[in-house]
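To keep things simple, chains are lettered A, B, C and D as they appear, and every chain counts its residues starting from 1.
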Amino acid sequence: MSTRPLIVIVGVGNGSGTGGATARVFAKAGYRVALIARGADKLKKVADDVASTASGAEVATFPIESYSFKELTDVFNAIRSYSWPSGGRTEIRVALYNAGAGVRKSFLDVNEKDIQVVVDTNINGAFGFSHQIIEEFRKNDIDAKGKRGTLIFTGATASVRGNITTSIFSAGKHALRALSQSLNKEFGKENIHVAHSIIDGAILTDTQLSRQEDASEFANNPNIRLDPASIATGYLYLANQDRSAWTWELDLRPAHEKW
Amino acid sequence: MSTRPLIVIVGVGNGSGTGGATARVFAKAGYRVALIARGADKLKKVADDVASTASGAEVATFPIESYSFKELTDVFNAIRSYSWPSGGRTEIRVALYNAGAGVRKSFLDVNEKDIQVVVDTNINGAFGFSHQIIEEFRKNDIDAKGKRGTLIFTGATASVRGNITTSIFSAGKHALRALSQSLNKEFGKENIHVAHSIIDGAILTDTQLSRQEDASEFANNPNIRLDPASIATGYLYLANQDRSAWTWELDLRPAHEKW
Amino acid sequence: MSTRPLIVIVGVGNGSGTGGATARVFAKAGYRVALIARGADKLKKVADDVASTASGAEVATFPIESYSFKELTDVFNAIRSYSWPSGGRTEIRVALYNAGAGVRKSFLDVNEKDIQVVVDTNINGAFGFSHQIIEEFRKNDIDAKGKRGTLIFTGATASVRGNITTSIFSAGKHALRALSQSLNKEFGKENIHVAHSIIDGAILTDTQLSRQEDASEFANNPNIRLDPASIATGYLYLANQDRSAWTWELDLRPAHEKW
Amino acid sequence: MSTRPLIVIVGVGNGSGTGGATARVFAKAGYRVALIARGADKLKKVADDVASTASGAEVATFPIESYSFKELTDVFNAIRSYSWPSGGRTEIRVALYNAGAGVRKSFLDVNEKDIQVVVDTNINGAFGFSHQIIEEFRKNDIDAKGKRGTLIFTGATASVRGNITTSIFSAGKHALRALSQSLNKEFGKENIHVAHSIIDGAILTDTQLSRQEDASEFANNPNIRLDPASIATGYLYLANQDRSAWTWELDLRPAHEKW
């Protein structure tokens, strides 16, 4: 029996955004998919939807309660012991840390709970998850692309710029970016590829859509917002980069974005 | 009775580094000095030393147990109610957040405790402290320089670059830098000046000195390490910048530093 | 007769590097290829080689004498009037500005001629070429990807960092990067995509190979140098990005690169 | 007779901006002042004005025709052979390259002449000038601050960001910044300090003033534009930094600037 590659994705919301799109793109590319997120029921629906988009797709869900270091560590016991329907060996070859906490408010309104949510999402959970992923990648042989695995973090404009309503959001995103760069430098020499995206614009998700004054324009005009599937295509490109020329940081924005 | 300006400094170690030097420079410039740090006894010694360097200097200590949001908030009750020996009114006009947590280790050795220490120092404590300082500055009138106050954060090379042993250290320092930029943008329009330094090299502190192979060279060759007094002079320059031309970010490094 | 897309590439050396690899990758993807470089004979050989790598490939050469604004402008008369063997309509849909001038020397040894070469390659020629390309793209309809065209500039480590032997080289590369960002912002709203790569490492070209102490190691170890074909694959990805999520800047480096 | 320090300043316009203010600040600090600019008559007026602001001030003018490498080189013959009225020895200890060429237009309107002006100002002239200054600094002994000299370049927002009307302006400013960083790294080890400012906002000069809709507001509200004297104070701080902690890049902007 051959070995099938597995992608582990953290943070999928209701499946309409980057996490869900990445699951679908990699499922179509032949990856098994493990989804980690809060809310078991919602997560199950996302998994069903992803499974339906590719014949032979295998999608498993691993719900968590919060983005703590411990939970993002312990969840790997379940992932490792999971029995994939079609059997055979599985290797984690790609991981996406896509958890987000979009706290935007005046600095003086930021409270301890806001801070905790952002720290959990961008630091505690990210460190726990990365630790497990790096350990898993180290078990892999170097593949045809010259890699043991690819770990991608989803960033934002706030990853590189603090602004008037993003004191805690940008603090978290900056921290996540620093983690990704540190990992890239420390584990590149072990042929582990760590990358970071800068999503510089609004993504066409159900949540974003519901916030727009002109929802139809937002839905139908790809000049002004990012299509999750296009981001996912970028992530597939990153995963497929070979060892001789790989990317740490990929910025993505819509054609008409003012920046 | 006239109003005397007060500088509040967080993080002074044994007084041989940036926090202590800043205290001395501002004491000489006529500021009252409030020192916040862990370790009441050590802190008292630093205060005595600072007081001895400038005639008429008034230095008060405000020990804390940890860099939590709550502690960095509550300590301001003590600062506000403190009775300065020479009496008269006091306004906090300058603040320095100089707390550090120099965790340097391989990513796989970073544990939850390391993360907590860094998050407390660079995020929880920094947010609590900044909140209080901004609130205090808002009470001030605009002074002759056109400002209500100056808040400075001490950064490091790791503030702008993740590296092989700095996954958590750079995450914390990046977060602190993002906070400083967000505050600069949000409160500049209220004439509150927020700045950030990038200390890009080793500082001549007792701790650094004790780690050097050639301590004499390190102590006596100012080409290869930063003098805390020179950093403090930079901070005084920042505090004295007027509203028409102020700095967010100041990098400082020794002449012979390779960068 | 259908319209065939054309890629125009400036700077191909002897064909062993990024320019040649990009020509081959896009020829295989169905693009006609126009090559601009100095040295008509060398250029002809590169074109023959590219043509041989894809059945039906059409490759034309447009030699120039220097990278002046005027020459990079005038060469488009020849490109526009060129009769492609298989006939039909042609639209310039992708352009790569890959000209380089790797002047590395101590600042005090940089002379006026060095400056002129770098300025021609990175500014004069780049501005003339970009002007023509933007004008050509503006004539195109928006395609299935939502774009009128993609213009890519090849950058280097020196694009983002001056260093001890790169005073003029980094000046030129920084200027080219600024041009690419300005164009991205000005013409994005016309659905013209402008991107910039940062090639952060040595590329496996004949020239680089000849400089290595251990040529065999350099040739055979993809962990330590960039494969031009991998860079070209990245450029194809950029050209294929749709309007909803495109990239300005893509860094590429080998897995074991220290950075 | 003692040795007097000399500051050489390139680019002073009519004296109402950064160059003129720097001349005045350093004249007051005891420096002899050499002014290099185009327009002998205008330059003479600036010199007279500077001389009148400090008793004992000695200001000499060195007019040039253009910012070519050769002119910025040859002018040093005149500077070296100049007889300062009060006699004694002179050492160039500070230099400011403040020449500017504010070309702002749509990319498609940028012509070869625009390019040449920007390249001369930011590259050709800057390289010629820097070459001479570095050679002069190398002749100096290390002074009490541990330096042989300080060379400052005036940058702008466009130094770090291309934008829709700044294709050639930002190309030039990026190049100048790269030069400054390269020089800092190459000559720091010889105790030569090279710095770069980022002036991120409008400066209160006669030219800027004449362009404002509300000139009175611009003149009288220091929250919204930079005072040249405040920039000059920053340059004096840079010149006075000692070798243990010096700055490469200093950003300066008004309190209410949106950035």
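By our rule, a residue touches a chain if its C-beta (ideal position, glycine included) is under 8 Å from a C-beta of that chain, and two chains touch if they have at least 3 such contacts.
These figures come from a predicted structure and were not determined experimentally.
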Treat touching chains as neighbours and tell me the shortest step distance from chain B to chain C.
-> 2
Chain of greatest Cα-centre distance to chain A | D
Chain-centre distance (mean CA atoms) for chain C and chain D, in whole Å, is 35
Geometric centre distance via CA averages, chain D-chain B, whole Å | 32
Could you give the separation in Å between the centres of chain A and chain D, each centre being the mean of its C-alpha atoms?
-> 47
Which residues belonging to chain C are in contact with no fewer than two other chains?
-> 185
Hey, how would you classify the chain contact layout here, line, ring, star, complete or other?
-> ring
Contact pairs between chains, per stated definition | A-B, A-C, B-D, C-D
In the complex, chain A residues that touch chain B = 69-70, 106-108, 110, 112, 115, 119, 123-124, 127, 130-131, 134-135, 158, 161-168, 170-187
State the interface residues of chain B toward chain D in the complex, per the touch definition above.
-> 146-147, 185, 188-189, 191, 193, 204, 222-223, 225-227, 230-231, 233-234, 237, 241-259
